[in-house]
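In this document, chain identifiers A, B, C, D, E and F correspond to the written order of the chains, with residue numbering beginning at 1 in each.
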Amino acid sequence: MVNYPHMNEQGRAKMVDVSEKAMTRRTAEAKAVLRMKPETLDAIRKGTVGKGDVLAVAQVAGIMAAKKTSELIPMCHPIPLRGADIAFSFFEEDRLEVVARVKTDNVTGVEMEALTAASIAALTVYDMCKAHDKGIMIEETCLLKKTGGKSGDYLREEVKG
Amino acid sequence: MVNYPHMNEQGRAKMVDVSEKAMTRRTAEAKAVLRMKPETLDAIRKGTVGKGDVLAVAQVAGIMAAKKTSELIPMCHPIPLRGADIAFSFFEEDRLEVVARVKTDNVTGVEMEALTAASIAALTVYDMCKAHDKGIMIEETCLLKKTGGKSGDYLREEVKG
Amino acid sequence: MVNYPHMNEQGRAKMVDVSEKAMTRRTAEAKAVLRMKPETLDAIRKGTVGKGDVLAVAQVAGIMAAKKTSELIPMCHPIPLRGADIAFSFFEEDRLEVVARVKTDNVTGVEMEALTAASIAALTVYDMCKAHDKGIMIEETCLLKKTGGKSGDYLREEVKG
Amino acid sequence: MVNYPHMNEQGRAKMVDVSEKAMTRRTAEAKAVLRMKPETLDAIRKGTVGKGDVLAVAQVAGIMAAKKTSELIPMCHPIPLRGADIAFSFFEEDRLEVVARVKTDNVTGVEMEALTAASIAALTVYDMCKAHDKGIMIEETCLLKKTGGKSGDYLREEVKG
Amino acid sequence: MVNYPHMNEQGRAKMVDVSEKAMTRRTAEAKAVLRMKPETLDAIRKGTVGKGDVLAVAQVAGIMAAKKTSELIPMCHPIPLRGADIAFSFFEEDRLEVVARVKTDNVTGVEMEALTAASIAALTVYDMCKAHDKGIMIEETCLLKKTGGKSGDYLREEVKG
Amino acid sequence: MVNYPHMNEQGRAKMVDVSEKAMTRRTAEAKAVLRMKPETLDAIRKGTVGKGDVLAVAQVAGIMAAKKTSELIPMCHPIPLRGADIAFSFFEEDRLEVVARVKTDNVTGVEMEALTAASIAALTVYDMCKAHDKGIMIEETCLLKKTGGKSGDYLREEVKG
């Protein structure tokens, strides 16, 4: 019989065995907020940034990144997504909020997919505006809510508000 | 003669022509800061998180992500990196800072590579701790400095301090 | 409560939510036809093109591309394929037809997988023959038929013939 | 001494050795033309297709595909692109032309990058319109011109006009 | 009616149609054994190799490679893995064994995923030690066992032992 | 001034800075040897294995894998390959040797590219024959020789013979 010393019992990472978890409907919603110069935000809003319609590109980048999550986050399980969307909101004169929503029917959740989509969409905005404003800060990248799965639903405090 | 209507003059994105830019040494440094429960941070520091040595995995994830930047950020030029590194620092009882440094000799800069590395490393930390602490916030993702290229060096105010 | 302005209601793309669609058997068949110099086609047939057996390479390229479809087509859902095949036919003295057939059991169809497989196989033929014939034209890339799914079966007119 | 039987001398493909070729400026331009129902084309033009701004998504898809070319076409050399752009033109009531232009400084040309960009952009248009019009045909995918390299420039007959 | 000449009946490869196979629990276990200089093995064990903790990096590389298997092995079906782990054992003074274990619930097995994970983990060890020992040999890469599927279980002779 | 604690000085991996290394011609040659049942080897030679021409597929898989090396091996630098080839030899009645040769002009060597190409080609052979012979062993995966770079040339003892 094979009986290898389980070095992971010594502290190395593995992709956790989720084969006994139930296949259920899962959703997750995450955000990333960019703070930038008012004139940069204004240029995005008016679609006058040199590289083209910034948000249209960020939207595509975020959705494609959601599909790449398990290639990027080492211990993430590959998940066949059932839907993904991204929305942008302008707050005050200097903040742009990116919200990603992802859905699947699977044995694990899609929190990482939503977070990755929001992050890459935000980085794409940075990329397209950096010639004008290198100081843009992505201030808040976090999970807003999730539903489904054994650990139950999660709703961030600020969202419960 | 071919003379296509340049619809991009109407506002679509393109991968900017950089063929006339000079091939020079380029470096960039970016950070992402995670705020989490003190007990979560403590578990990372002690290496007792269930999925293994969190920072070792985040380090690899960040470096591999740096190499994937042009696949993720649509208008980014592919760049053969010459070096990439990631460092972690523990601040106070609840903050973990990820700093990515990237270097190349190329016609475009590596700001996006450093930002992508820091972001994905931070998201990997989130992934490996989320069973314990879904509320972890990535608070500050930004460029710290860059050198090389025609636009000159950049040093973030807080770094100049 | 969260209530983000749905900017997509303003016209941005999303990966459509297909979570309520039924998991059914799906097949699709697509073609791409290359028109080239008779001597180029003849060299392919005889396997004498400099870069090796053109069709063996195009076959592999097409099948691997079918698996990459959701990485290439932004709003495509990732689909675990159950089978994929490619067939080549020689027509007259100057046309090579590539037909890709793909099958799955899933909530969305595999039209894009079949079209991507046929297109990349055809482009691979171009790549391997372009030293001899840069003018090769891929004339007809289209869906031949699909089965399964709520929208019902589709059979191209020319195929119904 | 090592002396392996070169089975490629027996007809298998290889990635040709280009190490002795000169590093020069290279450009390529390729097109793909879609023929569709007038009402489908009209919906694209007006931006009223259900999945959002079709051409903005196709533009991003094409540019990202240009960067993936060497992953898709087996014997293609990886090339660090210096610029890539895509333009769309509406012809008559039923044809949409996609033109991709790619530039680099490298030892091999970028014909395949331009062709791949045009093809994937065209397939993305198909994907976003297929719910309305499965019969869309991609009629002409071909190289329009190339410059640079030892084999000299190429200009398609129709372009020479 | 369409009736294309099935050139595959003439000997080209296809991704076999597995749509009629049953969805069952599948596991596979594969190994790769590296033989190296005792001082190299000793440096790995003590974590003193210049590029950092060799096995932590190899672990992540192996797990990420398991997820990339269907991108690497042309005729492999894409499989959503349910779990993946890697273990290392030191044998005598000059051998390091890598064992990969993979699990899924799917219509095809995960032998290739386990073999790919073990191979890439072993190559990563090579990469990180090659500055010191270019002669490292990966001696035995093989399947140790598999369970599930119509063809039944498999247990390598040496394991039965 | 920024002065982050260099945790890598504490033992984490990084992609080594090679920006000061000279750009030179580099070649590498690696092999992988498969031992299998004589009847399996015979079927490969005769091209009668069910999944098609095994070696044609393995050839393409190996060359494509060479291009993916830096995505698979975490600390590998991305390298624009200038050429890649694979050769197969039949030894005795039960061994198939895969030899990969890779060439570039770059600041780092291509040993890992050659080893990855040979390994993935060998695993592809396994995949296509495993229905008949699960016990196939990849016995010897190693570097045969390399040229170029500051560390000088390397020639494996057996090759020096």
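In this section, contacts are C-beta pairs under 8 Å (C-beta built on N, C-alpha and C of every residue); 3 or more make two chains touch, one makes a residue touch a chain.
Because the structure is a prediction, the values reported are computed rather than measured.
Peer 1: Which chain pair is joined by more contacting C-beta pairs, A-C or E-F?
Peer 2: Most C-beta pairs in contact, of the two: E-F.
Peer 1: Matching over half of the contact pairs by residue number, can you pick out the copy of the B-F interface from C-D, A-E or E-F?
Peer 2: Checked against B-F: the matching pair is A-E.
Peer 1: Could you tell me the distance, in whole angstrom, between the mean C-alpha positions of chain B and chain D?
Peer 2: Comparing mean C-alpha positions, chain D is 30 Å from chain B.
Peer 1: Rounded to the nearest whole Å, what is the centre-to-centre distance of chain B and chain E, using the mean of the C-alpha atoms as each centre?
Peer 2: The computed centroid separation for chain B versus chain E comes out at 30 Å.
Peer 1: Compute the distance, rounded to whole Å, between the mean C-alpha positions of chain A and chain B.
Peer 2: Those two chain centres are 15 Å apart.
Peer 1: List, in ascending order, every residue of chain A touching at least 2 other chains.
Peer 2: Expected reply: 8, 12-14, 16, 53, 56-57, 60-61, 64, 68, 71, 74-75, 80.
Peer 1: Show me the residue ranges of chain A that touch chain D in the complex, using the header's touch definition.
Peer 2: Its residues touching chain D are 53, 56-57, 60-61, 64.
Peer 1: Chain A touches which residues of chain B in the complex?
Peer 2: 8, 11-14, 16, 47, 51-54, 56-57, 60-61, 64-65, 68, 71-76, 111-112, 115-116, 119-120, 122-124, 126-128, 130-131, 134-143, 146, 151, 154, 156-157
Peer 1: Help me check something: in the complex, which residues belonging to chain D touch chain B?
Peer 2: Checking each residue of chain D against chain B gives 25, 29, 55-56, 59-60, 63-64, 66-68, 80-89, 97, 99, 103-105, 144-145, 159, 161.
Peer 1: Report the residues of chain F in contact with chain B in the complex, numbered from low to high.
Peer 2: Listed in rising order, the residues are 1-2, 4-8, 12-19, 70-71, 74-75, 77-80, 106-107.
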